[in-house]
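The next block holds one structure in the form of structure tokens; read it before the comments.
Going in written order, the chains are labelled A, B, C, D and E, and every chain counts its residues from 1.
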Amino acid sequence: MIGNEPVAAGGEGQMAEATEREMVLNLGPQHPSTHGVLRVLTELSGETITRATPDIGYLHRGVEKLIESKLYYHGMTYTDRTDYTSAPANNVGYILAVEKLLGIEDQIPERAHYLRMIAAELGRISGHLVWIGTHGLDLGAMSMFLYAFREREKVSGLYEEITGARLTTNFFRVGGAGRHDDPPGWLDHVEEFADSFTLDDFNTILTENELWKVRTQGVAVISAEDAISYGLTGPCLRGSGVNWDLRKARPYCRYDQVDFEVPVGEDGDVYSRFIVRLNELYQSTYIIKQCVARARELQGEPANAANANVVPPEIERVSGWEPSGVTGDMEAMINHFKIWIEGYSPPEGACYMAIESPKGELAYYFVSDGTGIPYRCHIRSPSFVNLGALPYLVEGNMLADMVATIGSIDIVLGEVDR
Amino acid sequence: MVDGWDVLILVIKALAIFIIVPVAPLVFVLAERKILGRIQSRIGPNRVGPWGLLQTLADGIKLGAKEDFIPPAGDRVVFWLAPLFMVVPAAMAWAVIPIGPEVEIGRKIGLWVTDLNVAILYILALGSVAVYGPVMAGWSSNSKYALFGSLRSTAQVISYEITMGVAVLGVLVYTGSFSLVDIVEKQKDMWFAIPQVIGLFVFLVSGIAETNRAPFDLPEAETEIVAGYHVEYSGMRFAMFFLAEYANMFLVSALAVILFFGGWHGWTIPGIEGLTSVLWFMLKTLALMFVYFWLRATLPRLRYDQLMAFCWKFLLPLGIVNLLITAVLRLGWS
Amino acid sequence: MTDQIVAFTYLSIVASVAGLATILVRSPVHSALSLVVVVFHVAGMFVLLGNGFLAAVQVIVYAGAIVVLFLFTMMLLDLRRHETERTVHRRQIWLAIPIAVLLFAEVAWIAISKPEISENLKGAFPPQTIDELGGSAQALATVMFTDYLLPFEVASVLLLAAAIGAMVLARNPDEESLASPPDMIEDAAGTDGSSDQPEGELSETPATHG
Amino acid sequence: MCVVEIQPGPPRPSASCTTLVAPGMDVRTDTEAIVGIRRKTIEMLLQHHPLDCPYCDQSGTCELQDETFDLNIWKSPFETVSKAYPEENLNEVVMINHNRCILCYRCVRVCDEQMGVHALDVSDRGGRSFIVTAQHKFMDCERCGMCIEVCPVGAVLSRPFKHVARAWQTVQADSTCPHCSVGCKIQVESRKGEVLRVRVGEPVEPNRGIVCVKGFFGWSFVNDDERITSPMIRRAGELVEVGWREAIEFVSDRLTAVAEMEGPETIGAVGSGRCTNEDNYALQRLMRSVVGTNNVYLGPNGFAATHQVISSTLGSEAVFHSQDELLESDVVLVIGADINGTHNVLAAHLKAAARKGGPKLIAATRIGSALDVFAHKSVRVRPGAESKLLAAISGEEIADPESSVGVSGDDIAAIGDALENAEKSAIVWDTGLWTAGRVADIAGAACNVALSTGKTKLFPLPEKGNLAGAVEVGMDPAALPGPAAIDDTAARARLGEFWGALPPTEPGTGLDEFLYGGRMKALYVMGEDIIATAKDPAAAKDAMDAASLVIVQDIFMNSTASIADVVLPGATFAEKSGHFINFEGRACPVTKSNPTLGDSREDWEIPARIAAQMGADFGYREASELWSEINEVAKPAELSGSMTAVSVNGTVPPPGGDYPFALVTETNLYTAGSSARHGPVLADLYPAQVEINEADAENLAIEDGQTVEVTSAGGAVTASAKLSQFVPAGVVYLADSLPEVPARELGRSAPDATPVSLRKVED
Amino acid sequence: MGFGTGIISGLIRVLSIGFRKPITYMYPESPRPVAERFRGMVGMRRDEVTGQLSCVGCGLCETACPNDVIRIDTSETDEGTRWVERYQFDLGRCIFCYLCVEACPVDALQMTRAYHLSTPNRADLILTADDMMRMTENPDQPLFEHLWRD
């Protein structure tokens, strides 16, 4: 069989062996529906996939190594770029991990927690909206993409209001919400969005569409046992009927204090993963509403930990000649300098902090040698692990199902390759 | 007898087709983009010319200016010929399409180039010739994606040709003539869409499938096989594929109007019956074109095996059943 | 008549050249494409003879189905690498050339020396008769479903038997055990290969709607 | 923050820095009270501290910042009281910002206790204390920069580094100062490939956390614009820049051709005490194993001969002793050059030790020295009579010591007695330029002293950073790496194993014979200016012109390089890795902190590449491979000395007649070879000048700064005059290595002690 | 419900969306308004007194930048104060993370809403403090105005 040797890009080789019935097709790395630069070495018999081998690394930027070569606060800018569809969720994961490493989880003010939850859930909404759009587009329902992005635009607007950025948010800082917390009116806008958020368009056009069901039901089925043994997390796991959500199972931030349900599918096929994600969108809006209410109650409380070794002082105290007239403060100046020059130095040790990102279990594993630069950083990215099940999922299915399957496991190559 | 006027009129008609076939797609492409834009809550082309009207023209100029790339490992001659096989049948079919009744401008002039008595067969024949475009393009590109596209396209077109033929047969049972003019004339009182509603469904589905449009756009499926058989084409050659696709859509729409929607028949304004007839014809055709765009905006694409199963297991039996019913009804009538 | 002579000259020359190309070009795909050209021009001759129906059928059947299937198969098999192989059948040439010359001579002799034969060959349906019957399609139908009904039906059954036989022969016993849909050609021929497809609703619809 | 709680002890916090450790002490450093006191202390310090972090050069390395941060102080309970003293530039290199000063007095103490200079002091008391200089003139400052180094905040600052870069942005590399043979460990800080400053870093042997002005400010030649940055080949009389491939091919082709046509013995190479062991080793290996000649030399220096005299007299073990042995001696005799100028860090250690009641320091220098203050006895020896003084000390009868040696007989006897009676004694002398022509005499006389006392250790201080190492790796026509004799079979076997080729059996000819003997056809000079230091520059230049190939590998375009056929750009200490061997025989690592400038290469790499081009690939990929090979190969032959007194020749006759002054020329605090004159700081600190005694100046009506002409029988130089109280009457002091005032012009091979005359030049 | 109702309701929904108002912003004629905190190009505050850049050259932004965007060369003035000789901002490397703005102890760096920053020439993207001050004062003006059409 010719499939044992890698074959160059799809355009090059004519069918290799006239007498053989198999052919190797390179799906990617430049392909409209591999969600980036995934390359899948696909062995086909007719249109049926006999074997699929994902080949990753085309977007490898060495994020882990970059984080290991810089201060902790530098590392956060790279988390924006792993799962770029839901940057705030990644930021939150990174920050929680560093805080755990520093041992200051308990010092984080309530309000920061709720703001983080709002941001993370907004990230989930924005990530899922990208997914629904591209998934629809992959299967030919092109308007979905625009509708999804129309909705996502509102989330981006909310990002922009609080962080200033629409994609690479780089928001929140270790120790709290950072120099800026929520601007006035932001909570109102978030609530407005959460109230008005609807998936009617998607339900009407996709969920109940027979063609969509035909394309997704019974495709790429994975049983609960297999899903667990492949290490699937997030909607991919829940689509197979496993009720496992880190927000419930290992609550972080204040997820144990909000009420929400974990949507679980039944069939483990593309369609049930689709349904799970759609329901998660609703749950996210529900969580957001509760968080907004709590954040309102906490309005006026500090959003940053009272820990001068981690949180830089207010800038007014540093720069003595602010128009506000506050005189500069030597201690603040020194703290400011020390934090920005040396960052924070967690005690020696290691920590693993996992959150439920839109894609699944996103974890940061840090080893600290006591300096301001992480000795080791590993990102357990859900996309990478979930992608591992792709060969299993698509085997025996048709070429077109590959596209549906890739869409349904919702990978982001920035996260896969890191 | 043939005189100079006849020749002149023929030449004018032929020229009209030569103009319509390339220009209509330009309009349709723009219309499609505008309609898709509105459906997707956006504006669509709005930069080139007023309201973006010159967008397709600009695209055409851009395509014309592009490098004409031929894959080095491909088959040059076949690669070169393939787009012609797409465009020429699409244009040739228009020779038998009547867009209006016979009008009186000094003399009786039929608003068609020729009224073949085997027009339907002629069109079906051209349809089967059009298969060669994707086949040749896909094979000569020497690319796996292109080959996949051409394989899909071939199988799809051949299969749906059959269902289309079966759907047309129902109409033929009513008319007893292959001539399109005859068929239209027979619908003066009632559109065949009413007795032939199943046939219409089969015909429309087959027509969409024949033209490789959503939700049957598997041969091109960007998200699966990138662009199918024309993945290696660029510049003017690609433009010809593009042109042919819209010309074929236009053709199928026109054919559907002729076969099922009474062609040019409609409420006419006395005095300018010819013009209103043509307008009716165009209106009906454009409505069908809109359906094309509408479907494209909405529906996900079928999988290959589902497409085939749909054709052979559903559409073909349905068409045959329709034919049987029609035949029985006709026999019963007569 | 002159325009007919011009058309005939063009059609016959091109058809002959394309026919030669069909057997002489090295690439099977080019060969098949040449065959398409032949088919088209022969169809053109039918039109010249006033039989548009036959012309259309010629194109639909030969160009639209048979040669396409040829091409389809060739593409799947990728015969391109045979292009470079030189296979000269030496012994056949010695036999083929004399036979070809003989046949050509025979036809020429008949055409030239026996005008009455060629006159008879014009057949039972001169253009006038066809017109009377209401067109070539009607004429053909009339003959086929009256005088020649039995041979026509026998030929149909024979073809059906041949088709079924081909399917049975071509079916790979291993394929049945494979969880994969069948080859496209088989699919196009209408066999059901999607039994082990995921339960799509479309595949079920004919039963309920048909 | 030395506040600790001591039990048993006073019922209040004690200062750990002033409390002696006693048995049974229970010292607590982290009780709440103690931390609270520290916090309050810092808070009070910060009360007066200006908001200068953004533009303070210390921020990032500021200890006040560190303490504030570590103690979690982040809000001041006091109202800020700003001070607004102007910044004060104390001299060319040191400035002080009193506002930032936290009055820790470290600068005062390091200057006084460590460096023995005491240029800084404190005035007033308590919170109004003030760091001051003597009469605001900062007299006696040796510009060592230690006050800058020890200042915990940004109060005492380096002016050359001021506002140049942020301390935390620099990249640090531990290296070794190349300027003298103390081998001080320094920390080179650079940023984006440019050396910005040098600091001391961790206190380790041999310098124990201090450096001198040469180490602290003497790096700027590294960044100099005049560096050679690409290989050059002479074409039609002009040096043309070429690529390395071309240069290497050219050199190897020509060397091969000369070796074939003229014989390998017409080829020679000169190594340098400024280059690392690795560099010298690679060069001599190229010559010995590839070219096939033993003609490898060091430039003019005093150490090789000293080394030879001592090892043949007292045995090879007597050459190197550790610094500790010197500082633990009871009596230390410093003779000849002022080691406070030549080897300042060693002198500082000596001064500090002497001050703490360590060795009795006897300074028998030719000019006044900073050692005098700490010396038990200090005498002025007449220039040229140093070996005679040593001879007298060892017991030789000398007539009229006062006039011939310059030291009274009583003093001589006292020194002799001190050495004789001491449990451990040492003689320290610099083997630099001043010994030229008299190296063996001085070394022999010192040996004689050691033989006569029986317990005196000799500390000959090599002048350049790695002369000791260059000798060890065999830059000697008569010695193999080790050093071992050329016919040492064991050494030859070791070399053969590593080299795959044996060095020639015939010892090479001497440098002078090679240079002037007329047989020289090709010469490879690495890191030396042979012409400038030659006995007869004109003859040397002629010889080089006559030779068919002169290769110069250097960092600056010196007089030898300017007549070379091929110039190859070498690297400075900051740009290469390797090892220096200091006066103790200690290997001091040199670390590459910067990329090599332009196309230049680490020096060892160039001979290795030439060898590879000539068909003998050495296989070195990095300097560490060379170093391990050197450690395997260069095992010194154990020599037991003859232990018999060496005959010592006479002295240089005293000046008189037309040339009434004696010329003293030695390396001083601010000079360190010609490269150190490149770059801004060091050269600016000591302009080219002639130092003369104030009384002599008055006699000759010379005022400070006037141009004078110094004339000897051999030549004349002009320079501006500087009146100095350190220079004794009858002596004219001219520092070594001033390119503008070359002392060698006054006496080619041995300028020191040459009789000269002094004349004011009317402008 | 029979087969096809989902398709038909989807078609109707799509059509109904087609009659809504498009959400497109006609950029650049009527660009989308940006939020107050919008992180556009990093700007530099001009000192009110001297009219020069208000950067004191402390280098914190250089350190805080994860991407080596900023390079500051400082020297000493005749008065002995720190003088920012060159403030170089490589926009081509900037990822708009705003760590530099947060790190600036004297509020010299500020967020601007400037986002018209494109140029076909990579070398143009290396900006000086003058450019940055210009962007602070007039963020709506395109950075490379001479390349800006319409």
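Here is the rule we go by: a residue touches a chain if its C-beta (ideal position, glycine included) is under 8 Å from a C-beta of that chain, and two chains touch if they have at least 3 such contacts.
Keep in mind the model is a prediction, meaning the values are calculated, not measured.
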Touching both chain D and chain E (chains): A
More contacts between chains, A-E or B-C: B-C
Chain whose mean Cα position lies farthest from chain B: D
Between chain E and chain C, distance of the C-alpha-averaged centres to the nearest whole Å: 69
Centroid distance [mean C-alpha coordinates] between chain D and chain A, Å: 61
Mean-CA-position distance for chain E and chain A (Å): 25
Chain C residues counted as touching two or more neighbouring chains: 76, 181, 184, 200-202, 205, 209
Multi-partner residues of chain A (at least 2 other chains): 14-15, 47, 143, 147, 150, 205-206, 209-214, 333, 336-337, 341, 398
Junction residues of chain E, two or more chains touched: 3, 7, 10, 14, 17, 23, 60, 63, 105-106
Interface residues, chain E side, partner chain B - complex: 7, 10-11, 14-15, 17-20, 22-24, 26
For the chain D and chain E complex, residues of the former touching the latter: 53-55, 59, 87, 89, 95, 162-166, 168-169
Chain A-touching residues of chain D, taken from the complex the two chains share: 43, 46-47, 49-51, 53-54, 59-60, 64-66, 68-69, 72-76, 80, 168
Complex contact set, residues of chain B against chain E: 35, 37-43, 46, 294-295, 297-299
Complex interface listing, chain A residues touching chain E: 66, 70, 73-74, 77-78, 80, 143, 147, 150, 153, 157, 160-165, 168, 170, 178-180, 183, 200-201, 204-206, 208-213, 312, 315, 318-319, 321-322, 333, 336-337, 340-341
